[in-house]
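So the structure is just underneath, and the comments pick up after that.
All chains are identified by letter, namely A, B, C, D, E, F, G and H, in their written order; residue positions are counted from 1 within each chain.
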Amino acid sequence: MKTRQRMITFCFTFSFLFLFWVVFSGKFDLFHISLGVISCLLVSWITSDLLIVTHDVAKFSRLFIGFTLYIPWLLWQIVLSTIHMFPIIFSPDIHNKINPKIIKIKSRIRDHVGIVTFANSITLTPGTITVVANMYGDMVVHAIDDECAEALPGDMGEKVAKLFAE
Amino acid sequence: MSIETVLSIKPVLAVLVSLLAIPGIISSRSQNIREAWTFAAAGIKLLLVVSMLPIILDGKTINYTLVQVFPDVGISFRVDALGMLFALVASSLWIVTSLYSVGYMRSLDEHSQTRYFAFFAVAISATIGVAFSANLLTLYLFYEILSLATYPLVTHHQDKEARSSGRKYLLYILGGSVGLALPAMMITYHFTGTLDFAPHGVMAGHVNSGLALLLSMMFLFGFAKVGIMPMHSWLPAAMVAPTPVSALLHAVAVVKVGAFSVVRVMTGIIGTGVLADFNINGIICAIASITIVVASLIALSQDELKRRLAFSTIGQLSYIILGVALLSKSGMTGGILHIAMHAFGKITLFFCAGAIFCATGIKYISKMKGIGRRMPITMTAFLIGSLSVIGFPPCGGFISKWHLVLGTIESGRLIFLVVLLLSSFLNAAYFFPVFYNAFFCSADEVLFEDRVEEAPLWCVVPLVITASLSILLFFYPQPFLNLASLAVQTIMGI
Amino acid sequence: MKILGTITILLCGGLLIFFTSDFPDFGDPKSPASIHLSPYFIEHTLEDTAVPNIVTSVLADYRSYDTMFETTVILTAGLACFLLLRIPTKEVTRRYYLHEPTGVTLRFDGDRYPKGSNVFKRIDSNWVPYDIIINFTCRLLIHFIQIFALYVVAHGHYSPGGGFQGGVVIGASIILFAISSNLRASIKRLGEKAAAIFTATGVFIYAGTGALCMVIGEHFLNYSFLAPLLGTDRIMARSHGIFIVEIGVAVAVMAVMIWIYYNLSSAGKQDEGL
Amino acid sequence: MDNLIFYSAIVLSMLMAIPLYRAVVGPTVLDRFMGVNSIGTETTVLLIMIGFMYKRVDMFIDIALAYALLNFIAVLAASRYFHKRKGLTEEME
Amino acid sequence: MTFFDGDSSLISNLPAIVVTLPLFASLIAGFLGWKNRKAPYPIAAVALFLTFISSVVLMIQVMSTGVAIEYRMAGWAAPVGIVYVIDHLSALVILLITSIAFVNFIANKSNIDTVFRNKAGAFNSLYLLFTAGLLGMTATGDAFNLYVLMEIASLSGYALIGLGSNRAPLSTLNYLFLGTIGATFYLLGVGYIYIATGSLNMADIASIMPKILDSSMILFAFIICMVGLLIKMAIFPLHGWLPNAYSESANVAAGLIAPLTTKVTIYIMIRICLTLFTPQYTFDYLNTSDLMVWLAIGTIIFGSLSALAQKDYKRMLTYIIIAEVGYMVGGFFLGNRIGVSGAILHIVNDAAMTLALFMAAGIFMWKTGEESQESLKGMFAKMPFTMAGFTVAALSVVGVPPTCGFFSKWYLISGGIAAGQYFFVAALIFSSLVNAILFFRIFEIAHFEPFKDHHHHSSNHSNKGEEASAHDTHEQTIKEAPLGMLIPFMAVSILLVVLGLYSGQIVNNIINFAIPSSIL
Amino acid sequence: MILPIDLIVLLLVIISAFAAITVKDLLSASLMLGAYSFLLCLLWTVMGAVDVAFTEATVGAGVSTVFCVAAIFHTTRRTKD
Amino acid sequence: MIIYIAGVLIIAGLFFFLVGSIGMIRLPDFYSRLHSAGIIDTMGLLLSMSGLALLILNEFNLGNFLSAIKIILIIVFIFLTSPTATHAIVDAGIRAGLKPWEKKQ
Amino acid sequence: MDIVSLIAAKANYWTYVILLMVGLYAMVAKNNLVKKIVGMVIFQTAVILFYVSIGYKKGGTLPIIMHGHDHGHGVDSFIKAADYINPLPHVLMLTAIVVGVATLGVALALAIKVYQEYGTLEEDEIRKQIELKG
């Protein structure tokens, strides 16, 4: 079981890296492809234990699809919150417009990857920044004004939680 | 006149033989073996030197070049009459001095005797090297080696006094040679392109009068061992050394090397022609005369026997310079001969001083009252030595002085005749108190108890030898006289 | 000192600026620098070495000897940092351990630390709690950085980059690992000894290739003599030779960057650091 | 289109002065971190624009990529300093 | 000489082997140092010996053929690739470097073991790299390659120096700053040359040179290169880094670095002026002589006077090194054949002298554990052989015949007189006198003061009476340095005399060919 | 065509260089050095020296800043000038 | 057509760069400035980079396609690293004891 | 020559001088050792700027042969030197950068050693300590 897991991880890492290699390289002659194989073997041999996302292929594919759906939504959120930042930045009375505060939020995500995803999503959307995140889902967030603060965890938390639900 | 040259390695061997003895001296376990090495080396050296004598007396010279270091200049050796004379004096007196050293050092139980004998050997090598050098570079080389090798000898006692004297010694000797003689040599090389000693000098035609004068003065004062005033004050200071060393310094090696070097440079590099043409010899004579008179006067006022002898030496050395600078045949002969004659006389005096110190521990003339009764042999030898130095007939010193006086007359500079006579008178004046104290004081003034006896045999025998040699040289001066006249012939081209 | 420095600098600077007036204009295609030697490289790189990136071909072939010593400079720096900083202390007076099940931090003095225990985990004395975001992101990135770096090494012939840049990026990836988790974990993966040996190996690959050329043929580093070994013609042999030495450079540079970082960040103790 | 890229590049390089201002002026060290980080991002874009101006974008992308990655490492290392050394100001006069 | 006539591959590759052999050995030593602490030393020693042998062969080869050997790195001819040019001058300096590195390494075995312990492997590696760097600097015919190798030598030098006393890191850091400024200025100068000529090969540049003599860029390139090199060789106003760095370093490092660094830099200066800028430009067109000779005079006077003020033995040596730099720079810029010969000869002689002095310092340090001159009390009685060697070295620095220092000084002074630079001559003589004072001060201390045992201070404290009479009975209690240190040291001091006696041959057979015939 | 960008970047480079040596905090200085390296890298690409730019990006921006920070971590941030 | 879209995207990206930069100057404290620096890292980068990627694809071939993917990869990487870096900086600020600016009531 | 073209022609060289002097000033006049090291880095990069400026050619493209990817070693007769930027300074500067980072590493190591010895990086304070120790 252990070796099989390791094999899966290895193969997964390898194929993923090889994809990258092909994109980087853009050369398809034997010499460069074999170089690519060697390089990818090397890297995945050295660091395969670092990229353990999951050993479960089914879960992985579900995650993959979830992510592809989540990212456009995240981008849209980014656009929205950026637009939200506009009036703040351009207002002549900027000190009244903002009301920075540090809030604590709790999400029901327990998965590491999920927490990181959520925390980074929070940071990526202008207006909110993750200050501290721990592995139990507790987070400290700095928000620029009340509106940003109230929007958390909100939809984003839900979506990420659903993505990483057991 | 063409000089026939012979190629031989003998001069190099003569120089090296005492150096080669050093490992033996250092590694010897007992005193006797060590001194055996010394004597063996001394004997072989004397034999080597003497074996070359016939060739030189034939009018030939011996040449040998060791290495070539600059274009046209190398470490090379040449034996001619002048060098032979000096080498003969040095190598013969080395044996005597060694003999004396053994007695002196053992009886006083001095420390570091091994070092003493080793450096003694180096010093004598360097002396022979100076005598046999064929060019100025080689001469300078051995001159420096001699300066450095005598430093540990001068500072043998390693006390405070030795330290300051050693400092003074090096300051004058090295300062003179590095600061004056070396640049003079370089300038000479630059203008003439050679440093070889030529019979008539190499400067003729290359230098003007100002430069010639400058170089002469630089050489004269640069070879500070000759003790020309004002470069003389190292000599009295160096009296802190053990007496054999003083003997070596003042009679055989150091000061004579200075005088020899100056003579060599004046004749072989600057050349008599140049000296005469630009009237430099007059200036040199004047300086030498001043030194003679002043040194004799100072000697009068010294109470310490060795210091008095030291000032005497300063004066006597200037005789040599004066004689050669007169540029007359007799004067030059006298000057060169004085190298030998003064050596034998002065070494006797120093031996005596050492013997007195050995036997009684006394250094001051004023305390020597009545010593002649206790140490008759020594004091007789002292008498002979001082007569020789004063220039009194039954001694060798007379011959050289006679030639000097003739030389002053020959050259027509009678003022120097006056100087010579005055200084002889002064010489007598400063030696007289010693005899008086030694022999002629009344019985109640005698400061010595009965148990004071002659110094040990090892000390007495050498001084007897040198004293008798001093007398012998009056009757049989031929070897030195011949060599001196041969040298003068070469130099003057007669 | 300041005033003196200012005056000197103003004088020197004025002089240097004044002399710039005689320089060829910036970008002048007719300047001597552009017409004397460099046209040869530009026009012959393909026929001599079959490497389109002229910088690579000049670096690793025409002036390969420079580059060998460039790598040696790096080796020297690594050795120098090691020699200067490394404190070979076996005994650590004070260690901190985290008892993982409870999260209690314990301090052990001297030799009394729990050897071979599973529940205790060694932590730094100025320990920061496990930061999940940084840690995870860095773990994710390290692969891509490394594969990117290897790509850079492998494609030095065709695009900018090459052994040196690739090597630095690999080194940076391991430095990133050391920063994001901690130094000891990184040392456990690639220790000081390995770094040193990799460095020597890297330079050895370079210099050894040169020596091999010398043994087979005539000139040091003349790769065309490697043709029989590589089974190609002389021009491709040069191209492959360049590749081999680029690998050597990459290995050496990677290892040295890590080595220097280890020594600097732990001030020579190789125990805990940035 | 070349002109667009050209003028955008000029504008972007001018815009970089603002993060640089933040980086130079501070007032705290962390502001400088932020400024440097932003400079890095803008430079990445600018690099690719220069690639367009040379008409050889493929050569510049690698640099931009390396740049983006290493910028991150530098900023991370610098902020790790504060994770381990307490105090923004106490070490300073 | 049939050995060299054949087209043997080994012989024809010697120029590359001389430089790469230490490099390979350093890799192997560094590699094996992790396995076994004792392994690197013999490897390094053997490698240095082989390098020495090959440099001797190279020297013989150059002398027998009489033409410069050109070695093409990577097979590319001169302006395109990098070439090594071994002519008489560089062969001489290569021989010097290898011999000094070898002797110093052999002499300091016990030092290396005790001082560096666990880091012996790294130390040996750096030692070899330093040697390789210097050798490469000497052999190369490419202006930029020189910079790279210079940096190798400097970096390894910093590491070697920095591991000295507690103060060493600070002085090394200053050295590093100054060294970097120097090297960077040199690099900048190469850039100016490149912008004016478009080439990096020295011979190629020299062939372009006549066309662009009056270009201001070349003038500036010359100035900048010179400034850079002068910083690196520690000439008077720019000397600040040297004394601290050398005196506070470990003895084994100082024994390698002090004799070689400044000398090789001076060699580089000579090489740049003669081969790159051509004598025509340096001496005739620019007429730099006066300025540089005055700079040299300043250096000599300053170095000598500062040396006089030092109490510490090694510090005194460092100031003497500075003064000697003045000798060589001044001698070279006299611009006549004698002066240049003197400068080149003095490179050899001064390196040997400095090596001997620093080896002596190492032995004293080994014995007494102190560096002040006071610690040398009674050394003549304690260790006569060492002191004999030391005396020879000291006399050589003073310039007493027949030691080698005298002969190079002779050439320098002759050159000074021939060029009419009488102040230079005066400065040389002044410095000789000061050196004499310096060393006789030490001799006095070593000769007159009774020995004080620093190692066993407590045990000797009880019986002071014995100590007072120590010099009476010294002949029984001679304690020399260990033979491993003493024998190389004695060899070097004998070499000083031999070099002196054979300086005529060296000048006639080697240096004469090294100076271009346009210098009269 | 490339010149205006060149000039602007040159200006920025000078500013950051001045900032790096005047700022009164070593950590800031090393960060400014990093920014300086970034801008130089930009400058090299502007002048078409892609390989140099790549090296500068990896070394100057990445590794040497980390080295500086590591060294400051073990020494001090304090500086009087 | 693609060209124009790309042009618009690039200009929009520049605009967001400007906005973020202005925010960096105007906002009162470090933490709030980070929010506006976030705009540079996200919107500015996203828009301008995708504009540039589109511009490459204007002349379609395999090499250009891969280049476009690489540009997208840059975006991905920066979207990964930028929040992490921001988080690290904020964390550093909190640990260093830098007090957030608060509105005076 | 009007002012604009003068600036265009020489600005790079002026900048290099300014950077060189900034670095030199920091190395000579600054009191803090790390500041000096920073100055050293600036000093070295100034020279790199100089070299790279030498290499630039108006109208030249990157020193990577265009379309050289596809034909391995087919000889391209149409490669013209004027089309490509001079690669030689770039090569040299790669080496210089490497030397720079190597020097930086050693310098920082030494700075750490100095700090361990004296507890400060300010030169005047260190000097004071040395004087106190005698």
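The criterion applied here is as follows: contacts are C-beta pairs under 8 Å (C-beta built on N, C-alpha and C of every residue); 3 or more make two chains touch, one makes a residue touch a chain.
Just so we're clear, the structure is a prediction, and the values are computed from it rather than from any experiment.
Shared contact partners of chain B and chain G, listed by label: none present.
Think of each touching pair as a link: the shortest run of links from chain E to chain G has 2 of them. The interface with the greater number of C-beta contacts, when A-G is set against A-C, is A-G.
With centres computed as the average of Cα coordinates, no chain lies farther from chain E than A.
In terms of Cα centroid distance from the overall Cα mean, chain E ranks first. A separation of 30 Å divides the Cα centre of chain E from that of chain H. Once the centre of each chain is set as its mean CA position, chain E and chain F turn out to be 38 Å apart. A separation of 19 Å divides the Cα centre of chain C from that of chain F. The distance from the centre of chain C to the centre of chain H, with each centre set as the mean of the Cα atoms, comes to 18 Å. Residues of chain G in contact with two or more other chains: 22, 34, 63, 66, 70, 73, 77, 80-84, 86-88, 91, 95. Counting partners per residue, chain A has 20, 24, 26-27, 119-120, 130, 133 as the residues that reach two or more other chains.
Chain E has residues 144, 148, 151, 155, 158-159, 162, 169, 194-195, 200 in contact with two or more other chains. Pairwise, the chains that touch each other are A-C, A-G, B-E, C-D, C-E, C-F, C-G, C-H, D-F, D-G, D-H, E-H, F-H.
Here chain G touches chain A in the complex through residues 16, 19, 22-23, 26-29, 31-32, 34-36, 38-39, 42-43, 46, 62-63, 66, 69-70, 73, 79-80, 82-84, 86-87, 90-91, 94, 100-103, going by the rule given at the top.
Residue ranges of chain H in contact with chain F, taken from their complex: 7-8, 11-12, 15, 18-19, 22-23, 25-26, 30-32, 34-35, 37-39, 41-42, 45, 48-49, 52-53, 55-57, 60-64, 85, 89-91, 93-94, 97-98, 100-101, 104-105, 108-109, 111-112, 115, 120-122. The residues of chain C lying in touch with chain G in their complex are 128, 131, 133-134, 137-138, 140-141, 144.
Of all residues in chain E, those touching chain H in their complex are 144, 147-148, 151, 155, 158-159, 162, 166-167, 169-170, 172-173, 176-177, 180-181, 184, 187-188, 191, 194-195, 200.
Put simply, chain G touches chain D in their complex at residues 3, 7, 10-11, 13-14, 17-18, 20-22, 24-25, 30, 33-34, 37, 40-41, 44-45, 48-49, 52, 55-56, 63-64, 66-67, 70-71, 73-74, 77-78, 81-82, 84-86, 88-89, 91-93, 95-98.
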